[in-house]
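Following: one structure in structure tokens, then a few remarks.
Labels A, B, C and D are assigned to the chains in the order they are written; within every chain, residues are numbered from 1.
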Amino acid sequence: MKKLINNPDDVVREALEGMAAAHPDLLTVHFDPTYVVRADGVPDGKVGLLSGGGSGHEPMHNGFVGRGMLDAACPGEVFTSPTPDQMQAATEAIDAGAGVLHIVKNYTGDVMNFEMAEEMAESGGIDVRSVVIDDDVAVEDSTYTAGRRGVGGTVLIEKICGAAADKGYSLDDLEALCTRCNDNVRSMGMALTSCTVPTAGEPTFDLGEDEMEIGIGIHGEPGRKRMEVEPADQIVERLMTPIVEDLPFKDGDDVILFVNSMGGTPLIEVYLAYRKAAELAEQHGLRVVRNLVGPYITSLEMAGLSITMMRADDDIVELWDAPVHTPGMRWGA
Amino acid sequence: MKKLINNPDDVVREALEGMAAAHPDLLTVHFDPTYVVRADGVPDGKVGLLSGGGSGHEPMHNGFVGRGMLDAACPGEVFTSPTPDQMQAATEAIDAGAGVLHIVKNYTGDVMNFEMAEEMAESGGIDVRSVVIDDDVAVEDSTYTAGRRGVGGTVLIEKICGAAADKGYSLDDLEALCTRCNDNVRSMGMALTSCTVPTAGEPTFDLGEDEMEIGIGIHGEPGRKRMEVEPADQIVERLMTPIVEDLPFKDGDDVILFVNSMGGTPLIEVYLAYRKAAELAEQHGLRVVRNLVGPYITSLEMAGLSITMMRADDDIVELWDAPVHTPGMRWGA
Amino acid sequence: MPLTAPDLHAWIRAFADRVAEERAYLTKLDSAIGDGDHGQNMNRGLSHAVDQIDDDASMSDTMRTVAMALISKTGGASGPLYGTLFMDAGKTTAEHEELGTPEVAALFRAGLNGVQRRGKAEPNDKTMVDALLPAVEALEDAAENGTPLSEAIQQAANAAKKGMEATTPLEARKGRASYLGERSKGHQDPGATSTYYLLDAAATAWSDRA
Amino acid sequence: MPLTAPDLHAWIRAFADRVAEERAYLTKLDSAIGDGDHGQNMNRGLSHAVDQIDDDASMSDTMRTVAMALISKTGGASGPLYGTLFMDAGKTTAEHEELGTPEVAALFRAGLNGVQRRGKAEPNDKTMVDALLPAVEALEDAAENGTPLSEAIQQAANAAKKGMEATTPLEARKGRASYLGERSKGHQDPGATSTYYLLDAAATAWSDRA
């Protein structure tokens, strides 16, 4: 394992110190319990927006704390969900009287830890809602599984809900919006290589010299199917088809198309993939009204990509376009 | 070689098609000869700003075309400098009567190709100046070498000169500013892994399981010294010390600190490195007034980082803060 | 001699030691069908728990301390699950000065219920429940038969071990491994493995207790 | 029989074929001390040049066409260098209907001058100059001695080969390889290698020319 780290146990803390040093205008980092909170405080009466999850997916979620997106984020250890005490402290820090929405990616650990945090926060008198994001079409959604994972859709949802909270949405309305976004977004990812959790020191899985993993999650957990590497255009089609069919997206739909690098994919390849994704969207009669291209929800140095598509009405597009100023996403500000 | 590509010979073209599809509001891609030009045209009387170089360094340079930065960029094949006909066509496209500045990274191929392009453009009656960027302290600057390479400093310089051109700087003033920026910026990089040029199909160089290369260029060309991997803090010190000593940066200097990922480095590690870089800057008495953290000038999927530091007076900081809206760098807009 | 607070301390220390020893192995199991952090998670949580244990604390305070330590430091799925296990198990100790086989059976039954309340796993979902449930049943049988604790807990550890081994052919239906579907078959569940260590640590720590 | 335009066409085709064959080898040499694209660069430029050649064109038009094709498609350092080589070499053919040994010597001398004007490399800088210069000198000697072309060009190719081989121990002072300093020693220069192919292609194409 070659990594730009010191002690593997210190990676998360030291990276957070780096974020704090780089973005004092945007965010503040608290330790013990660990959370990242916007530097300028939550405006009175605004619903607080909190997310969190394992580290190693940067810029998500810490990099989305600032103005117009998340008010706080709780980073866990690498690929390990954070703990309820972190979430409780962050929830208290961003409650400005209007309650707090927790955006939770559907992983057993995240869900259970957030659940415990909610129990704690509510016993402390804060109105907390939580929406579980489960946009990954690679996973069969049945009562016999943990359900679909929360992946790329989370990025779009955090942006959109952040704008809505800024606009003054109530906790009820924000919860409804978040649920509606989740209902209208689908994702699927793939990997060409594994990644190595610093404390594990070895790749989470092995892929042969000409193998790829289709339907990968964002924690290096194996996906739906292992197969021989194919040309990029075919890979993109393998991701796009299940996405389009699942919602289903329909001829005439306006969509936000998000092609995401898993971390180790050169940007030139991400754009190459975007080309095909946009072409396929068009062939399905979809109108790509907005897009996002680059590494936003990553799995350390994993090479691969994920595609996310959200059905976007005018409201959603307006919220998408609203100013955002965070380390990882910024426009209009 | 596992890559998200189709035919290795089509990588650059297909990625450019992806950029064109993703950012029609910002840029237009021309083929044969190939260049990327801002979509909204160069305002009358504004100096045109052109850069270019081999592909594989994305977002640089194509991703810096838009408003407030480059007016056009000429992408070569991966890691291969573009050709004079591209530069000539781009120069003609962005000449709005006030001349065109070429920002050239100091690599033999880039310098010679831009030189030929200037000869062509000037015979066509366009006032062309060019500034060669050579900020890489890893290379000994002597008459017995090709001189220092142009690396991370280029990113900062393109942003600053883009803002100055917007402000109405004349070609003379812009050339002087660009030279002044180059005189005040230093960089050094390192790699944990090599990268693979798609058409070559094999890693440009081999690094052992616990080796790193210090003083790497941005084309996978070997650097100053190969040695055993060290903890991140020591690596950062190995880059910072020569940078600080070279200019030399002095106690009390205001600086822009830029910690760059070579492409395959997880963002969490880049922030971890930023933490140490900022700490060392402070120890040298430098005041980090602005910073940039992330993958901006990359070498495909290479894991590693580079550090760039520019001495910044108030003018430079003001130009740095000016609005920019490109696919790869955006604020205030 | 039935159990008192120091015996619980010894048990938790033994559990922490075992997990520390097997940290890499647990992580390897988790890499095969999960995300490769179960060893780190458990080790982080348990070393914190050991640090927090107060030698003079009562049984129920000890269990609560361990629960809170695990909840706040473990992370992942195992944090809330083991946290709830200790939290709910601990509640059963409040009314007792000391624990014999019946009380220990009740303690683990409450822990199992907590795990199932929190995680909604059924038997054969390929989770820690598959090691814990047979252990609880063994303890309850032993309690019914009046088996002394040292023997009962050894039977429970044996049952947990069998349960753990029996997870190998199963297809996972809960947690991260469930994403693998069919491909989760043929791998032993990491959480069931750490749960076996939990029982085995008790068997070791209480080998001379009645 | 001295050279006329079709002989130049044959030469350039032979050069393109040789580079296409050795593309991977050139790239391997460039990976060792450069950036691993010399084979691709030269192949891209030359296959374009071959496409552009007009069978009916004059010698000087042919050389200009090849120069422009190389300049616009090769990229890297080799594009301007080989482009200038052909551009400047081509100018010497304007006044001639056909070329014998003295004219071919003058042609390559002009090409060498162009390469040095463009790239500022001196002998022993470990560049294509180190293959080109001895070839030019061999041709000039041959011209002085009245050696027939087929023989002269073979001598030039031999000299280029020696020059190419002699780059191996050198420390690079120009181009990308110069960044390696000491470490560039022990590797043959890719540009000198393609320049040897340039001369060897001529020796093959002109083996029955006087």
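Basically, a contact is a pair of C-beta atoms (placed from the backbone, for glycine too) under 8 Å apart; a residue touches a chain by one contact, two chains touch by 3 or more.
Here the structure is a predicted model, which means the values were calculated and not measured.
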{"item": "Those chains which touch chain C and also touch chain B", "value": "A"}
{"item": "Relative to chain B, chain with the most remote C-alpha centre", "value": "C"}
{"item": "Separation of mean Cα positions, chain D and chain B [Å, integer]", "value": "32"}
{"item": "Computed distance of Cα centres, chain D from chain C, in Å", "value": "75"}
{"item": "Between chain D and chain A, distance of the C-alpha-averaged centres to the nearest whole Å", "value": "55"}
{"item": "Per-residue multi-chain contacts in chain A, two or more chains", "value": "78"}
{"item": "Overall pattern in which the protein chains touch one another (line/ring/star/complete/other)", "value": "line"}
{"item": "Chains grouped in pairs wherever the two touch, ordered by label", "value": "A-B, A-C, B-D"}
{"item": "Of chain C, residues touching chain A in the complex", "value": "27, 31, 33-37, 40-41, 44, 71-81, 83, 118-119, 173-176, 178-181, 183"}
{"item": "In the complex, chain A residues that touch chain B", "value": "2-7, 11-12, 14-19, 21-22, 55-56, 58-59, 63, 78, 192-193, 195, 209-210, 212, 229, 231-233, 235, 263-276, 278-279, 291, 293, 295, 298, 300-301, 303-305, 325, 327, 330-333"}
{"item": "Residue numbers on chain B that touch chain D, as the complex places them", "value": "33, 54, 76-85, 107-109, 112-113, 115-116, 138-140, 144-146, 149, 197, 199-200, 202, 204-205, 217, 219-223"}
